[in-house]
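Following this line, the structures themselves.
Both of the next two complexes hold subunit A, though its partner changes from subunit B to subunit C.
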Partner chain A sequence: MNHQRRDTLKAGGGLGVLGLLAAAGMIKPEMANAAWNQTAFEAKNMDAAFAAFSAGKPAESADVVITAPDIAENGAVVPVGVVSKLPKTEQIVIMIEKNPNMVAATFNLPEGTVADVQTRVKMGQTSDVYAMVKADGKFYMAKKEVKVTLGGCGG
Partner chain B sequence: MASPMRIRAAAKDGVTEVRVLMSHVMETGQRKDSAGAVIPAHFITELTAKHNDKLVLSAEFGPSVSTNPYLAFKFNGGAKGDKLVVSWVDNKGDTRTDEVQIA
Partner chain C sequence: MSMNRREFMQMLAVAAAGGMTLHSNFARAEKAAEALYDLPPFGNVSLLHMTDCHAQLLPIYFREPNVNLGVGSMRGNAPHIVGEGFLKHFGIKPGSLEAHAFTYLDFVEAARTYGKVGGFAHLATLVRKMKASRPGALLLDGGDTWQGSGTALWTNAQDMVDACKLLGVDVMTLHWESSYGADRVKEIEEKDFAGKIDIVAQNVKTTDFEDPVFKPYVIKNINGVPVAIVGQAFPYTPIANPRWQTPDWSFGIRDEEMQQAVDAARAEGAQVVVVLSHNGMDVDLKMASRVTGIDAIFGGHTHDGMPAPTVVENAGGKTLVTNAGSNGKFLGVMDFDVRNGKVADFRYKLLPVFSNLLPADPEMAAFIDRTRAPFLEKLTEKLAVTEGLLYRRGNFNGSWDQLIVDALIAEKDAEIAFSPGFRWGTSLLPGDTITMEHLLDQTAITYPWTTLTEMSGEMIKTVLEDVADNLFNPDPYYQQGGDMVRVGGLQYTCDPNAAMGKRIDNMMLKGKRIEPNKTYKVAGWAPVSEEAKDSGPAVWDVVANYLRSQKVITQRTLNLPTLKGMDGNPGVAI
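On to the complex of A and B.
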């Protein structure tokens, strides 16, 4: 019996399915190539999340602006927008410190795309929301606390 | 196959603003059903947007993104009538592609 093989198959299962689909032509190759950054999305603390992007300790920057409510009444839908005024912004990452999976979304911006994205995220509890920006090869960040009201008890 | 996305793209003063509303459960894998069994994670992992075959945005989502994800972004260029194509793939390999003409 080769138990190790079984474990390997399990671990690689998710990736394998994508690969097979790509091979069968169901997914366009360019989409399958943009490998999902599993390390980042499974990071359990901020340092691990930063490390997954090889960001080290990003410097806080006033040129990165997070638009999010101070108090979110519904944690399931919290609108978050990030604007970067830094030149050559190539990546924007939204992280929520106290979520089980902190990295919510990453946006890769090719040249010509404005560093201004908005989306909606889930938040389990009151937490700092981080926006990390990669501009000209360097990492910057900003954070903003969003209070999540649970059960309408006020915050 | 998932429901279609609602995409709005409007060009103004040389900048095209795109708003996308996807239809997806975005299940985190953290929740349990009434019997206590964990509901398996099911969420969009990757998204790409193309303007006339030129990539204008690629994004990766985690399970923290809300149900029926909303996304808005802007890119320079784009004119009325140009084609904008948005595609996503989820962690179960489902995929959906929709296209609109820039208004």
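On to the complex of A and C.
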């Protein structure tokens, strides 16, 4: 039962999820290249990352919720999800404090989009994961520690 | 099959007359057994709970720890209390049968008096007795059932699968089971267990689309009351054990999904909701404070035998958290009085399984004999005699692990040796013969390879810090529930209260400081990375060679770290 969906997709001509979505006209190629924030993705510390978005020091908000494992099962693909309950959420940014380049992903949300995103990030070591949200022109954030361990030795 | 009290006492008397090995003080023990096992029924819904038996089909000795530290908010609270403090906390009389069952105090002497514990034939008698006095009672198995013995390993878990069916397990969840590989687990679920035993685990999903791998819960009707049993597998299985064994399964704690499962079960009409958990007790306690609507969490993994539940308050009411020890040593009995659609009252007792006080169930005994027969020659090979007590459990070391790291250093010509902080593994008394079976009780896993690695001083520190954080992180959700890696050759200082990366200090080897840039020869076993498959001979072969050459194993001196900041902590008695 658990392999069904993946097998169906594999059987779908090897297009993969993005390919299928693109084929269905849901993602246009130019959307992927829109508003690429070069400075942000090259930021080497948190202050520089915030600055690249002109975010100042965002206030922590309980309306921004990060879903991520407490301990990563595989540091190379850590599932991270962010939900913003703030009205007029227009952007969600995921940052990994201890990564050489902090900014892992930015999502620009067209008006009316449900602010609920998910991706996989690479983490070399235990770090705080930040979610920064721009809503109605203002910046907010939340953070959560994700531990990356060597493994082994479990009871 | 059921058995009333009179039949039980008759059976006990027959067993005694038939030469059952009871110490001279039989009358006292018989009275104790009557008092222990004649548990008055209560309420209308009963659940029996066993966990972490680690495939021990025969009676064994198991010494409880004298080091089980709690840090931060966990300091001094159950389960982090040992020895006399434990007796005081739970109101147990020193020197009693229960004192021996629940603590390490006077272990050798008391073990000689009261005999071995556990064994599926004796557990079966107790289960049948409890089911007879509690109609409709279900038997829940918290997992770590298929791993921990030579026969479980050699039969690919089949001996335990069949034993659990015979024992009458109704519902189970998982941890070490997964180390037989995802395909084997699903095969057992779909073939052997079909229509007999439900595997439940709300926190196991596929890595790609997060589809459920197992049923999150089942609802069983007990005397007209719908009872939901939600499963929680060990959240860190693919981290603590090899990822390659379950490559398509993702685990994790998943509080929110637990809440959804509980709410869904209530919406389906469940009047009682319990969680069968392999979280470990600290994680269970935190989960109980965050998730609402759970009447009780029956916990395992950390092998804490808790005589009474911890009552945790949360936004929705109260949740009971129990933990039922390990190695078949205990059976938890929870009686609920369910009135007007909810739990009105409860009684809980964690019954120690004293093999000499519970006659063997003939059917189970015959099954165990049949299962072991093809392997007897291998199992009973005499490797050496131990002069001292051999045990494993404890936060930092045990004499069994000391013996393993001593053997690794000698056999692999290493300077330092590591042995994982497993909490399973039985005990042997001074003068006992160490057989191959006993050695396998400490080592029987599906990734038993030994390793010899050139490791920098810096890397050694990283390893120790990493494992220490898995044990002493002040937030239980970041813990993994094992003990500290056992270390041979190397001395160090440990400050459990310190932050990650700052707990380990003063690492010394033969009187010299460990240098960060120097490399050292480090032996180990149970590597989790896929690249380390078949890295070296199985650990039991390496240790068996050592034991055969030594013949007599002298009392081991435990290599323990110097502890900082733990004075007066009720979780340590050295």
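Following the convention adopted for this analysis, the second predicted complex is superposed on the first by the 116 of 155 C-alpha atoms of A that agree within 3 Å, B and C clash if a C-alpha of one lies under 4 Å from a C-alpha of the other, contacts with A are read in each partner's own complex, and residues count from 1 in each chain.
Throughout what follows, a residue touches a chain if its C-beta (ideal position, glycine included) is under 8 Å from a C-beta of that chain, and two chains touch if they have at least 3 such contacts.
Just so we're clear, the structure is a prediction, and the values are computed from it rather than from any experiment.
Look at A:G137: by the touch rule set out above, it reaches neither subunit B nor subunit C. When the two complexes are overlaid on their common chain A, residue A:R120 makes contact with subunit B while staying clear of subunit C. Ranked by how many residues of subunit A each touches, subunit B and subunit C are led by B. Of the two partner chains, subunit B is the only one that A:W36 touches; subunit C does not reach it. Of the two partner chains placed by the overlay, only subunit C lies in contact with A:I71; subunit B stays clear of it.
When the two structures are aligned on the shared chain, A:P87 is found in touch with neither subunit B nor subunit C.
In the superposition on chain A, contact is made by A:A105 with subunit B only, not with subunit C.
Overlaid on A, the two complexes show subunit B and subunit C touching the same residues of subunit A, namely 79. Residues 14, 17-18, 21, 26-28, 30-32, 34, 36-37, 41, 76-79, 81, 96, 99-110, 112-114, 116-123 of subunit A are the ones touching subunit B in the complex. On the subunit C side of its complex with subunit A, the touching residues are 206, 208-209, 211-213, 234, 236-241, 243, 248, 250-253, 256, 280, 301-303, 420-424, 462-463, 466-467, 469-470, 473, 475, 477-478, 480-483, 485, 500, 526-529. Across the complex, subunit C is touched by residues 1-6, 67, 69-74, 79, 126, 145, 147, 149-155 of subunit A. On the subunit B side of its complex with subunit A, the touching residues are 15, 26, 28, 30, 45-46, 48, 54-67, 69-77, 87, 89, 91-93, 95.
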